[in-house]
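Letters A, B, C and D name the chains as they come in the text, with residue numbers starting at 1 for each one.
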Amino acid sequence: MNLSSLYTELILEHSRNCENKRHLECATCSKRGHNPSCGDDITIELLMEDGKIVDAAFTGSGCAISQASTSMMIDLVKGRSAEEAEELSQIFLGMIKREIKTEEELELLEEAIAFQNISNMPARVKCAVLAWHTLTEAIQEANLHS
Amino acid sequence: MNLSSLYTELILEHSRNCENKRHLECATCSKRGHNPSCGDDITIELLMEDGKIVDAAFTGSGCAISQASTSMMIDLVKGRSAEEAEELSQIFLGMIKREIKTEEELELLEEAIAFQNISNMPARVKCAVLAWHTLTEAIQEANLHS
Amino acid sequence: MYDVQAIRQKFPTLQQQVNGKPLIYFDNAATTHTPMEVLDAVRDYKERFNANPHRGAHYLGIQATELYEQAREKVAAFINAPSPQEVIFTKNATEALNLVAYSYGFSQIQAGDDIVLCISEHHSNLVPWQRVAKLKGATLRYLYLTEDYTLDWEEVREVITTKTALFAIAQMSNVLGTIYPIRELVAYAHQQGAVVVVDGAQSVPHLKTDVQELEADFFVFSGHKVFAPMGIGVLYGRRELLESMPPFLMGGEMVEYVQEQETTFNDIPYKFEAGTPNVEGAVGLASAIDFLAGTSWEAIQEHEEKLTRYALERLQEVPHLKIYGPQAGRTGRGPVIAFTIDGCHPHDVATIVDQDGIALRAGHHCAQPLMNYLKAPATSRISFSLYNTKDEIDVLINSLQGVRGWLGYES
Amino acid sequence: MYDVQAIRQKFPTLQQQVNGKPLIYFDNAATTHTPMEVLDAVRDYKERFNANPHRGAHYLGIQATELYEQAREKVAAFINAPSPQEVIFTKNATEALNLVAYSYGFSQIQAGDDIVLCISEHHSNLVPWQRVAKLKGATLRYLYLTEDYTLDWEEVREVITTKTALFAIAQMSNVLGTIYPIRELVAYAHQQGAVVVVDGAQSVPHLKTDVQELEADFFVFSGHKVFAPMGIGVLYGRRELLESMPPFLMGGEMVEYVQEQETTFNDIPYKFEAGTPNVEGAVGLASAIDFLAGTSWEAIQEHEEKLTRYALERLQEVPHLKIYGPQAGRTGRGPVIAFTIDGCHPHDVATIVDQDGIALRAGHHCAQPLMNYLKAPATSRISFSLYNTKDEIDVLINSLQGVRGWLGYES
């Protein structure tokens, strides 16, 4: 995997997305995620209503990959039900592990399909998956509390 | 150093000496010495009167080398003053370390000169010096208490 | 066919002369030699990939991380751990046992609890528990041995009770060669509610290890006793236990967030691996596991059992020789034989046979409480590995027959 | 003349291509590569002498013991310790620091005492002290940094007081490159009655070490950062302190008499070396010390200082680049340079230069409290060793100039 297929325009654009990167005043749940080894450190905030993700945003810092992945994920899950979001998360993680291969499933990920080949860069896998793991945990905690 | 110069008649005789290996009922001081790595474990008992070693003996178990060295040492120091005994101990340890080389000094060790070449058998040095270290400690403790 | 000569060819150390005689290495319970392929694997790693793992965003760092984690996976498969996260690399079995004692022991053992050990434990699986017992106000209790150097179930049922918080035992004694019935002991101890620590330092080189079958809560071993380099050891622990335990060594890699006054910790296994790990040691251990996979456990056991039987038989020809350990064959006995010769201190025995190129161990074998119990201040020990031969045993017997003569006895 | 090419020839790892480019290894603060002669020394030891030391009455055991103890003597001379008994082998600097924290810290630190650290400490010299402070009711206090990334004596005098029981500090920061005035700090802390732990992990590869001149009470370093194998580290401690401290890891070798309920301990250094030591690691460290002795410290320092100066100069050509660390030359500064490029995460920087074969480190460098203090969640880090060259720096500068372009910035 060379640099131009890693730092694509789409990924770079998302990595600097300011719309999704903000503090969500009215969040009903939030979850911090961290890669101790490389220092990516994000907090995902969700506004959930009746099991639906009405709004989502994140704060924190990290590399272009982690920031872009987080931003794409937020675009993807906003407006979905918690179950749908969890499912998408599983599909994303499955894609990274090369376990999910059908085009139909991958298409559900919309722009986030951009990370399909990140496993060729093992050092960056953690950056790409951080947000999705964090989302899953956030939703599970929200379910517990409701 | 081959086996026949290690297990000489003199050393074997001393290694089974029963006269020096006994419990000294009337001892005024005693000291245990141990080589944790090989298991030699002896206790030296001294009967001191007016700074003189009136009687000495030992108990415990160990290899032929440690037993013979202990027995020879007891023969050597019995009847001597504590200072003389300490000096002889230093000469013995000096001999083992190859620091003391004059014939006159070595002759003071009498039979214990038999261990002169033990440093060619590094694994057995500890066995040969155990008694002498223990004696030095015993005398130093005795001095402290008097 | 088990081709012992072909196996020997792989070990450069075995090709040597000692005191002018071919080396006969019978000190395998202390440490084993390393086959060429393991030496090569380590060398290759050092020449091509050497880097600090887990922190690298560069090529070498990524390779080192992958090789280190692959070694963990290989170890997990080797001992049949449910997952690699339950495999923690330490420097040796001793550190692994101390980790359990400090982390699990100090946090879970309560005043009034019993800690049960077998009297044949190695100091590394004994002194840490003495310390825990003392500091926590627990009672240290021992299982003693039958005439045939194994456990008595009646005694087991008496000593391991619902008061027993922890039971620690070696799968195989490094002095007697006894292989204890770990699976049954674990089952019984679990019924009583005890957590069980199994010290596999001596069994791993000789038996197929399956921590799930044993149902061990903790299991440890050392790389250097199983053809790997020194400086690498393994702790396996059940996930729930490891996850609930506080960290032991603290520093780089085992943290999540560090603030000036507070720290949160990484997940297992990293929580227990502070500082730069011994990557080349792990690579060497992985390679040693590959080496072992080249021969079936059945073949290794058959070979070692044959040697042990033969040695036990021939040792009877040596006058005044007494063996400490079970007489049986494979079941309940590994290839370690402790003995004494009347009137001859084991240290002298070792020196005498060393002149014939034979490496035996002499002393208390880091098991002083056992020696006291056996009333033998020291013993000599023969321990075989997969590369030893019958011919070597013949040379040993010959040499042993001369020992009393050297020490001035008529016969 | 310092012949860097001749030195490079000794390092097989440096002869490699990475991503089709010659490897440029600038991650020496994480771990250094190993010269051929050290690899050969370890291999030779394994092929000829491999055995478990201290327990052997046979030839190989004796040789292993001698080589292990000779390595200890060599290390003692290398750091100018008064005696080899004050040199304890550990697996790395982290274990050495934990040994001091567990053994000295838990037994000597009292409720109400202060423990003082520098804010730039590596987690390995920080998290153990957090734990001691917390469990003993002591207060953890920090020394912060001046604008030039060094200590302010006024603050030192305010923070280190007669309440300070222990002061722990790295001789050289692994992020900033700052070399702290250890000798003066130790003298001052001693006046206040504090014991001083010096973390030499980063300084030992770059400066002549003299623990007596520093008057350090404890001093630690890791072999793998100074051309030796992984899995070997060193703790030096003053004799009186070591003798009075309780043991840390417990098991084989560190005991004197073991009874069922009580144990007495061996003398230093063995009291602190439980279990089978990493003999080959010690042999490798001894060989690495010999390797270093082939070049004078003056020559090494001059070379590394030249590189550092040149790099600091040329980095100014890279737009939007900010350096964290002192600007000065040799005094007060070692060959470690942390930096950030505006708008570019260090992890992306590392990935981009990796494509040009350059190994940089990115992240918090196990110094999160420092990163918080600097308000830099992460930095990139260049760290030189005696085998790096100016040409390599030129390649790096070139590569860094492209970073912002790759990340979509116009300039």
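As a working rule, contacts are C-beta pairs under 8 Å (C-beta built on N, C-alpha and C of every residue); 3 or more make two chains touch, one makes a residue touch a chain.
All values derive from a computational prediction rather than experimental measurement.
Novice: Tell me, which chains sit next to both subunit A and subunit C?
Specialist: D
Novice: Any idea whether B-D or A-D has more C-beta pairs in contact?
Specialist: Contact tally favours A-D.
Novice: Could you tell me which chain lies farthest from subunit C when each chain's centre is the average position of its Cα atoms?
Specialist: Of all the other chains, the one whose centre lies farthest from subunit C is A.
Novice: Rounded to a whole Å, what is the gap between the Cα centroids of subunit A and subunit B?
Specialist: Computed from C-alpha means, the inter-chain centre distance equals 77 Å.
Novice: Go ahead and note the Å separation of the Cα centroids belonging to subunit B and subunit D.
Specialist: 46
Novice: Please tell me the distance, in whole Å, between the geometric centres of subunit A and subunit D computed from their C-alpha atoms.
Specialist: 37
Novice: If you average the Cα atoms of subunit C and of subunit D to get two centres, how far apart are those centres in Å?
Specialist: Inter-chain centre distance comes to 31 Å.
Novice: If you look at subunit A, which of its residues touch at least two other chains?
Specialist: Correct list: 37-38, 123.
Novice: Give the residues of subunit C touching no fewer than two other chains, as numbers and ranges.
Specialist: Within subunit C, residues 55-58, 61, 253, 255, 257, 347, 351, 362-363 contact more than one other chain.
Novice: Which of the residues in subunit C end up touching subunit B in this complex?
Specialist: These residues of subunit C touch subunit B: 345-348, 351-352, 355, 362-364, 371, 377-378, 406-408.
Novice: Which of the residues in subunit B end up touching subunit D in this complex?
Specialist: 34, 36-38, 122-123
Novice: How about subunit C: which of its residues touch subunit A in the complex?
Specialist: 54-58, 61-62, 65-66, 253, 255-257, 266, 270
Novice: Taking the touch rule as given, give the residues of subunit B at its contact with subunit C in the complex, in rising order.
Specialist: 2-3, 6-7, 9, 12-13, 15-16, 37-41, 61-65, 67, 121, 123-124, 127
Novice: Which residues of subunit C touch subunit D in their complex?
Specialist: Per the touch definition, subunit C meets subunit D at residues 12-13, 16, 18-19, 23, 25, 27, 30-31, 33-34, 39, 43, 46-52, 55-61, 91-95, 97-98, 101-102, 119, 122-128, 130-131, 140, 142, 222, 224, 229-233, 249-255, 257-263, 274-281, 347, 350-351, 353-354, 357-363, 365-366, 368-369, 372.
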